[in-house]
Every structure is written in C-alpha cells, then in structure tokens.
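Common to both upcoming complexes is chain A, partnered first by chain B, then by chain C.
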Partner chain A sequence: MRRLPWKPLALTGPALLVYLVVLAGPVFLMLLLSLQGGKGVAGVTLAHYAEILGDGYFWEIYARTFVMALVVTAVCLLIGVPEAYFLYRMRAPWRGYFLLAVLAPLLVAVVVRTLGWALVLGPTGPISNTLVALGIVQQPVSLLQTMSGVVIALVHVLVPFLVIAVWSSLQRFDPDTLRAAASLGGTDVAIFRRVVIPQVIPGALAGAVVVFSLSATAFATPAIVGGRRLKVVATSTYEEFLGNMNWQLGSALAVLLLVVNILVVVGASRLVEKKFAHVFES
Partner chain B sequence: MSFLHLTHVTKRFGDAVAVDDLSLAIEKGEFLSLLGPSGCGKTTTLQMIAGFVDPSAGEITLAGQPLAGLPAQKRDIGIVFQSYALFPHMTVRENVAFGLRMRKVNAHDIGKRVDAVLALVRLDAYGERYPKQLSGGQRQRVALARAIVIDPPLLLLDEPLSNLDAKLREEMQVELRRICRSAGVTTVLVTHDQAEALALSDRIAVLRQGRLEQLGTPSDIYRAPATAFVGSFIGKMNLWDVAPTAESGGRMIVRRGDIVLGAGLVPEHARRDGALAAGVRPQAVAFLPDGEARVRGTVSTRVYQGDHVLYVVATPLGDITVLAGHGSDALRVEEGQSVQLGWADDDLCLMRGDAP
Partner chain C sequence: MKNGPLALWFHALFIGFLALPLVMVMLVSLTAKSYLSLPNDGMSLRWYAAMLDNPQFIAALKTSLLLGLSAACAAQLLAIPAAYALARMQFRGRQAIGAFLMSPLLIPHLVLGVAFLQFFSQAGMRGGLLSLVLAHTVVVAPYAVRLMMSAYTGMDPSLERAARSLGASAWTAFTRVTLPLAIPGVVSGWLMAFIHSFDETTMTVFLASPSMTTLPVRIYLHIEETVDPLVAAVSSTLIILAVVLMVILDKWFGLDRLLTGGGPKDEQ
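And now, the complex of A and B:
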C-alpha cells in the first residue's frame, strides 16, 4: 500500500487551500452559473453558450478583443525587445534610472493612468491641439473611442511586463557573443537579428504571453478610453452582469474568454519549450 | 617589416594605466604569447588589436595597414574568447558558418570550408549538435574552428584553455599547436599560465603592470630571465638582491654578506644601472659533501611530488627551494637534517633587480 506523502501535503497545504478558495472557487462557481438556466430556461443548459456562438454581435466582440490583444502584443514586442536590449547595453547609473522609468506605469493606479490617457487622447488634449496648431488637421481630433487609443493606452502599461521578461533572459546572455559576432564581420543589424533576437526569443515569448492575456482581459482601459462604442469581452461581461442583470450569460462570456486564453498560453509555452529546449537546457 | 606592429601603444582608463608604452613586432606565421599575471595589461592589449578598445596613444599596424579607426567588423581578425562565446541557438555547423555567411560566401563554398575546418579540429561528427550538448574541450575546438574558417590573417586567443581541467588542458595544448601550425596563421595568445606559453609559443612577451619585461623565445626566457620578476614568474627561482661588483671576463662575483653566491655571467640586459638580482633554479641546487658547498642549512620541509622531491632548506641566505630529481641520492634527505648546498657558476642567473 502506498503511503500518502504527508510532509509535502502539510507544507503546501495552506497555500493550496488559499489557492482553491480564492482562485479556483470563484472560477468554478462562475462555470456553474454559466450552465444554469436563466430567463425562461430550466435546469442545466448550454443555452447561454449557444446564444453567444449563434450571435454575430458576440463574435464581433470576441474578434475585436483578440485582434486588440494581438496588436497590443505585437506593438509591445516591437518596442519592448529593443528597449530591453538598450537597457542591457546601458551603464550604471543610467540603467537603473531608465529601468525605473520603464516600470513607472505600473506604479500608477489603473484608473488614474487611464483617465490621464483620456485627457491626452481627447479632442482638447495635447495631441489634438498640436495637430491643429501645425495645420495638419482643421478640426480637433479625438483618439477616444478608437482602437488606436485603446492600443496606445494598453501598450503603455503592458510594455514593462515584456521588458522585464526579455531583461531576465538577457541576464544569461554572454556579451562576448556580440564581440565574437562583430569579429566575424557581422554588422550591427545582423548581430541584433541573428545573435541577440534568437537568444531573447524565449523571454520575449514568455512576456508576450503575459501581455496577450492581460490585454485580452483588460477592463478599465477599454471601458474608459474605448467607451461603449468599442466593446470588448471584459466590458460586455460587466454590462451583462450589472446592466442587463443576465449573470448566466455574463458568466458564459467570461468562461469562454478564460478557455481561449488558457489555450493561447498553453500553446505558446509548448511552442517555446519545444523549439528552444536545446538552446537553454543545461 | 613585421606583420603586426605595436608602436608605443598606451591605454589609460581614467587615471589607471593599463598598457604603458608597449612596442612589439610580430612576424608572419609566428606564434607569440602575451604572458603575465592578471592586471598586467595583456587582455587590454588583445582587445586593442581586436578593435574592441581604442588605444589612448600609439599605433597598431597589421600587414602595413594602420588599424586605428577600423572597427572590429572590418579587421578580419579571428578571435577565440575565454568563454568561447559560441552562439547557443546555433548548431556547430551554423556557428562555424557564421563568419562566412556574413561575408556572403555562397552556400556551396560555405559547406566545403566548414567541412574542412571541422575535420581539422576533429569534430566532423558533431556538426548538428548544439553547444550545450558538447564538452568543454569540444566547445573550445568549435570556437577555434569558427575563428579560423574565415582565413584570418591574425588569430587572437584569449586564455583559451583556462576553463578546462588540467588533463584536458595538456591535450588541448598539443591540439592547439597542431591546428595553428597546419592553418599557418599568425597567432597572439594571451595567458597567465607560464606552462601554456612555454609549450605553445615561438616567442613570449612577458608583461608586468602594462610594461614589457622581456621578449624572447621560451628557452631564452626560462634560462636567461631579464628581470627578477620574469625569473620568479616563469618557473620557480631562488632570488637574492645583490650589489654589483667589478666585472672580469664577462663574469661578476656576487655575494650576500660573507657568502659568495658565485661568479655569474653578466647578460647585456642586466648591465644597466640599477638594482641587480641573482637567482638559481631549484633543480640546479644540489646537496653536496662538506667543503664544496656554498651554504649550509637545515631541511625544514620535504614534499614528495612523484617524479621529484621538493625541499625547503633554511639557510643564512633565507629559505632555499631544492628540487631533487628521480634517482638522485638527494631523495633520501630527511626533514631536520643538516645539509650543504651548492650550484654551478653557470646556473647562477644575474638579472635586473627590484626582486618581488
């Protein structure tokens, strides 16, 4: 008879309990709720999922959410990877200051930061004023309630996650490989493309997964900058819960988002592990 | 006209002088070592030749062409780094082919040249492996293959063997010598390991605190060290500060107090003004019968080292180290025994002083 491993269980028990109560519990309840009969339907049912999948309106919201998340992730990669590399090449003390500047968005409360962006992006904000003053546009312009506005505000707060992930993979980067590549005749561009990027890809993909899931589930920024016109899954869920009081449908929306997110995260990690195992195993 | 010329090269980092007015001339096809303890400026010198660091003063020319202002990318110099600096995301073949790709060599020629160089370093069977799947010695050879595949006019080796264990290091010394000879490439090796420098080099430049102490063939440097520092850094040496005396017939009788050390040959480099030092290698010191000895003493330590025995003998001249070879009677000397030590006049080296 196998004995239960009491010691590990006892040691991990408290954390496991908190994890179950605080995280798994609510998600499980939400799953139950999404299967419950609601208005005019009785018992356990998949009716809410059927409603979502059968309605073009919801398809559009999901598509918008994931397109937005993909664009935010792509922009974060384009900015974050070179940014992390520049930080890596910097010397103390500048490196410390700039790292702090990169992390600064995370130090500001989400609502404050987002309302700040609403001011900047709005029709009376500095962007609009500058464009008008330069004569590029005649009427004040607003990036509020546009995809571009939401993407800008999300990139601002999510880039640090990517920089940190790439930064950590640069920590085991041998700077002599740069010198070796230079001595072999590599131009700066070729070195960055063929030596730096391949070595930071595992970090970049790990950061990209975080950025993707955070932007796919972002609520405050789409709600404040995007407004009611630019609905994403998170804001629709909120509306179903508190606007239409249709908790079951809201739960189903949230569960579907969670499932897709899990698929993306697991898929991406598998890809990284498979493709880059040989590089960093030791 | 030599192939690689360093003319009055100086490098300062702030107030610190890393390399101080260094001049060197290296012939085509020669294997030269820059040897010295850490902080002697050898690595900085290498980096200036490679183009990673700019000299503060002086000029470096390669095949008559000044290197100043030419970035590392354009120098065509092959470099093997201490950490090997292999690209971890590339296979052995891709690593070796990198320099050829950057030179836009066509794929067919790349294949042939990579095959040839992998055969030279005996890694033909490992082309598809990644660096992490190789042993230290194999990585070392990949780094060497990657550096020589571009047919560099000059090969720089930065402590290439220091990350290997002692046994492998000796094997790789033999390998390295074979590979560099058959590639016929002019090579500059940076090392703090005197055995490595002695084994590999045509000539050795001994550096100390950014200055050139001595330049010569390994046997010159071992048998006739120019300074007390070189004498003690390369091999072991019993050293004494001595006062210069009158020369007769190219020899000078030197003494410490009442004890005559011997009549040493005075080499040109020791004839300058300043401090003079005398030294004798431990293996040149012998236990002698009474009467013939230069100095008496008591054995304080006996260390058995397999093929020889090392003794430390306390004498009026200070501790003298004696190395007794296989088969000599000296192997039977015990700790605490009174002994008489002597050496031949020709084994007494006279050097420039400021003994360490």
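And now, the complex of A and C:
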C-alpha cells in the first residue's frame, strides 16, 4: 500500500491547527510583549530584561526560587527513593494498597493539599500546639511565611512524582539480583547502596527533573504558605500582571523563568543520558 | 525480601506525612464553632450546609465541571485521529509532530497562564468560558494523546487489516473494529484530561474573571482572604470525591499505570 503524506497530515491536522493558534501563537505573543517598550512606544527593547537583571530585588527572588526548588528536589530524593524501594519489597496486597495511598494525593487539587499545610503549620495547628504543650515555646509558633513551611508543603505536593518515577524503574529490576546479593552475604544497607541505587538512578533523576521544574514554577503553594513576605518568581509574576498591571515586565519575568527552567531540564537530561547510557541499554 | 522494622517505621512516617494535611482539613471542616478549630467539643455538619448555600462556590463548581467536560471532549476529538496517525503510520515529521503535541507538558503552567492572558485579552475573549475551554484543551490534550497512543499500539493491527481485506472501508474498519477495541484508552484518556482540567490552578488563576471562576481558583482566592471552616468543608468534599474516584479508577484501569502514562491494564 502506498503511503500518501496527506493522510497523517489530515489526521493530525486539527490538533496541529489548534496548537498553532492556541499554543504557539500566545507563547510567541508573550515573547514579543516582553520585548516591547511602554505603552505606545514602538520598536524592540531589552529594557525589561535589563531592569530585572539590574535589580537586586529580582535577583533575590530568582535565587530564592531556585534554592527552594533545589532543596525540595533534594528532600524528595532523600525520602522518595527509599519509600519506592520499601514499596517494591512489600508483598501483595499491601504493596498495591500503599502504592495507591502514595499516588492518591495526586488526585486532590494542589490548593486543597496546601490548605491542609496552612492549617498544620499555622499558629493554631498541631505543630504549634504540641510545642506549647511540651513547654518548648511559650507563644504559639507559625511556620507560615517561612522557607521551611513552603519546602514542607511543596515536598508533599511533589514527592509522589518521584516515587512513581523510581517505582517504574524498579519494575524493570529483576528481584533475583537482590536474592543473589543477599546470598553472597550483602547486608541490607550494602544491597541498597550498591545494587539498588545504581539501578534506580536514571528513574530517580528523571523524577528529580520533574520535581525541580514543577517546584521552580509552582504558584499556589508558595502563594498560600509563603505569602507576600516570601516571594518567588511565580508569585511576583502574578503580582506584576494582576496587581501592578506591568505586563511587559511580568512577561519578561516569565520568559526568564522559562529559559532557566529549560536549560536546567535539558542539561540534566543530557547528563543522565550520557552518564547512565549503560543502564538504558540493559 | 522483607522490610525490616526501620523500613516499616520510615514507611509509616511517610504515609502519615502524606495523610496529615488531608486529615487536618477534614477534621477542621467538622468543627461546630464559627472559627478555625478542631472539633474537640462536638462535631457538626454546619459548614457543609453553609457550603451548599454559598452561591460563589456552587457557581465555581458548575464552571469547573462544564469546563472539564468540554476540555476533555475537545482534547479527545483532537487526540483520537492524531494519536492514530502517530501510532500506526510511518511518515516524515512523525517525531516532530509527536513532540509538538506533547510540548504543553514541558511549558510551566505559569508561563502558559501569562501567554494566554495576553492572547485572549488581545482577542477580546478574556474572562469568557470559551477562552478557558481553549486553554484547558491544549493543556490536557497531551494526556489524551499519550493514552490513545498506548491504546493503539497495545492492540493487534492485523484485526484492522483483516476487516479491510474483508471489504470494509477504512472508515468502517476504524469505527467498527479499531475504535471499539480502543475504548479503555478513550475512557482513561478522557478521565485523565478531565482530572487535570478540574485541578488546574496556576494557569487558570490568570484567566479567571469574577463571573467565570473555577473551583480551585475560587478556593485559592478565598484562602488569600481568609482561612475558615467553610473553605475546609469545600476542600474536604473534594478530598472525599478524589478518594471515591481513586477507588473507581484503580478498579477499572490501575491507577499507577494511568498516572505513569502506561495506559490501561491489559485484560487477561
């Protein structure tokens, strides 16, 4: 049968058309707007980028955003990798039940989960009450508007992504390898460190890239837990758009975030492919 | 392969960590008092009654449902033919088109929100339902495309060839053989698209208007103003719905496969 090129084009055509108009169009428009001067000023200018890069206030916001994303990613790796492994070692039906329990929060809207953390971390929440009851602090304490509070809430929102990523790389893992390692006298810790970890590194890093990218661009959680005092790029972009009505500056903020985000994600993926090519081949 | 006591403790703490904020929301929503507190002396459903009497939340729920339904249907209308071409045909540019159709997954929703706000403002559509449907369609379409592709690749292509060789037209073979076999993919792709649309907040917060607000955005705006038992009641209703949905999805499709994009379970 001769394959005519118009057939696949006709099938993908509607999707391509919608994407071109509703996705490529708006993103292109945003790039244009970030290069525009003030109202009624013609021509292309990098003034908004210069304003951001020349202002310590914005440097601080970018630095806070990426440090926060790095810490969130590190914590997710630290607790997500062992949890995925322990799930993997469980027997049916527990394994299935707990995998569900780990994935279930993904079906609950992020604002709802963040509201939960606002209640837990707030001055009337259980953490504050326990500390007061134990006499460790005199006054109620609040982790709201602190970096630790935002990190805790973001880890909760994003750690399921990491567990899934590690879980799916463990699915390709032969359990006999573990038995062999154990029969050769490996301790649990040695087996985890020398057999399991090398096997799950690609999955863990793929999950880490997702977690990093999502936490660097998260909006609702930093807005609710971090509040106005702890601004990140997403919340200040929101403010420039809907508070200060400075759309050109807001666009430039978003474009810079997009660029840095793409660089990090592509860079990390390249690194993973290069360094761990042997794991993918097997 | 048994987990030692340390591993089990870690696991218990992990699950407790995941459950803690959700349990907290549900507890606070049951308070009988008029301010934020745990239901120490007496539980009450008064905040659930207040929620049903709140026109803002009810309107936002209706918007979210209508938006999710429209965006999921639109996404499937685009995905069913497009994924067929990507999964079954060899042609130049196939990889590029596939990557383009998946690209909304790679663009942060914050950036999409900014871009859509400007685009729909210029088009004079800002704050309308149509702008929300278009934006959500593009954002959820990759999930539909991914699950449809795995549905098409997961079935035996010789069934369709057999129908063709017995004289069925390409259209008949597709609608009578291939599509019915792909129904699990159609349903799961639609559901994933609906769930992502229903939960989307970051992008929608830029596009919503006072008269056209989705439920998560309404909850966010409410929390920005005040955290009260009312918003806890709305949130715990969503948690309960999510648990019900989770049980159903897991029974039908296997939640892990849905969320990792592997497509529905093979029927065996």
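Just so it is clear, the second predicted complex is superposed on the first by the 254 of 282 C-alpha atoms of A that agree within 3 Å, B and C clash if a C-alpha of one lies under 4 Å from a C-alpha of the other, contacts with A are read in each partner's own complex, and residues count from 1 in each chain.
In this text, contacts are C-beta pairs under 8 Å (C-beta built on N, C-alpha and C of every residue); 3 or more make two chains touch, one makes a residue touch a chain.
Every value quoted in this text rests on a predicted model; they were computed, and no experiment measured them.
Enquirer: Could you tell me if A:Val260 is touching chain B, chain C, both of them or neither one (first, second, both, neither)?
Expert: Once the two structures are laid over each other on A, A:Val260 reaches no partner at all.
Enquirer: For A:Thr187, is the partner it touches chain B (first), chain C (second), both, or none of the two (neither)?
Expert: first
Enquirer: Applying the document's definition of touch, where does A:Ala74 land relative to chain B and chain C: first, second, both, or neither?
Expert: The answer is neither, since A:Ala74 touches no partner chain.
Enquirer: Can A:Val132 be said to touch chain B (first), chain C (second), both, or neither?
Expert: A:Val132 sits against neither chain B nor chain C.
Enquirer: Does chain B (first) or chain C (second) touch A:Met30, or do both, or does neither?
Expert: Touch status of A:Met30: second partner only.
Enquirer: Which partner, once the models are overlaid, touches more of chain A's residues, chain C or chain B?
Expert: Counting contacted residues of chain A, the larger count belongs to C.
Enquirer: After the superposition on A, what does A:Leu103 contact: first (chain B), second (chain C), both or neither?
Expert: In the superposition, A:Leu103 contacts chain C only.
Enquirer: For A:Ile224, is the partner it touches chain B (first), chain C (second), both, or none of the two (neither)?
Expert: second
Enquirer: Residues on chain A in contact with chain B in one complex and with chain C in the other?
Expert: Common interface on chain A, chain B vs chain C: 179.
Enquirer: Help me check something: in the complex, which residues belonging to chain B touch chain A?
Expert: So the residues of chain B touching chain A come out as 50-52, 71-79, 81-83, 85-90, 98-99, 102-103, 130, 132-133, 146-147, 150.
Enquirer: Taking the touch rule as given, give the residues of chain A at its contact with chain B in the complex, in rising order.
Expert: The contact residues of chain A facing chain B are 174, 176-177, 179-187, 190, 194-195, 198-199, 276, 278-282.
Enquirer: Quick one: in the complex, what on chain A touches chain C?
Expert: Counting only chain A, the residues touching chain C are 3, 5, 7-9, 11-12, 14-16, 18-19, 22-23, 25-27, 29-30, 33, 79, 82-83, 86-87, 89-90, 98-120, 122, 124-126, 153, 156, 159-160, 164, 167-168, 175, 178-179, 188, 213-214, 216-220, 223-224, 233-234, 237-238, 241-242, 247, 250-251, 254-255, 257-258, 261-262, 265.
Enquirer: Provide the residue numbers of chain C that touch chain A in the complex, in ascending order.
Expert: Interface residues on the chain C side: 1-4, 7-8, 10-11, 14-15, 17-25, 28, 36-37, 77-79, 81-82, 84-86, 89-92, 94, 97, 100-101, 103-104, 106-112, 114-119, 122, 134-135, 137-138, 141, 145, 195, 198-199, 201-202, 205-206, 215-216, 219-220, 223-224, 227, 231-232, 235, 238-239, 242-243, 245-246, 249-250, 255-256, 259-260, 262.
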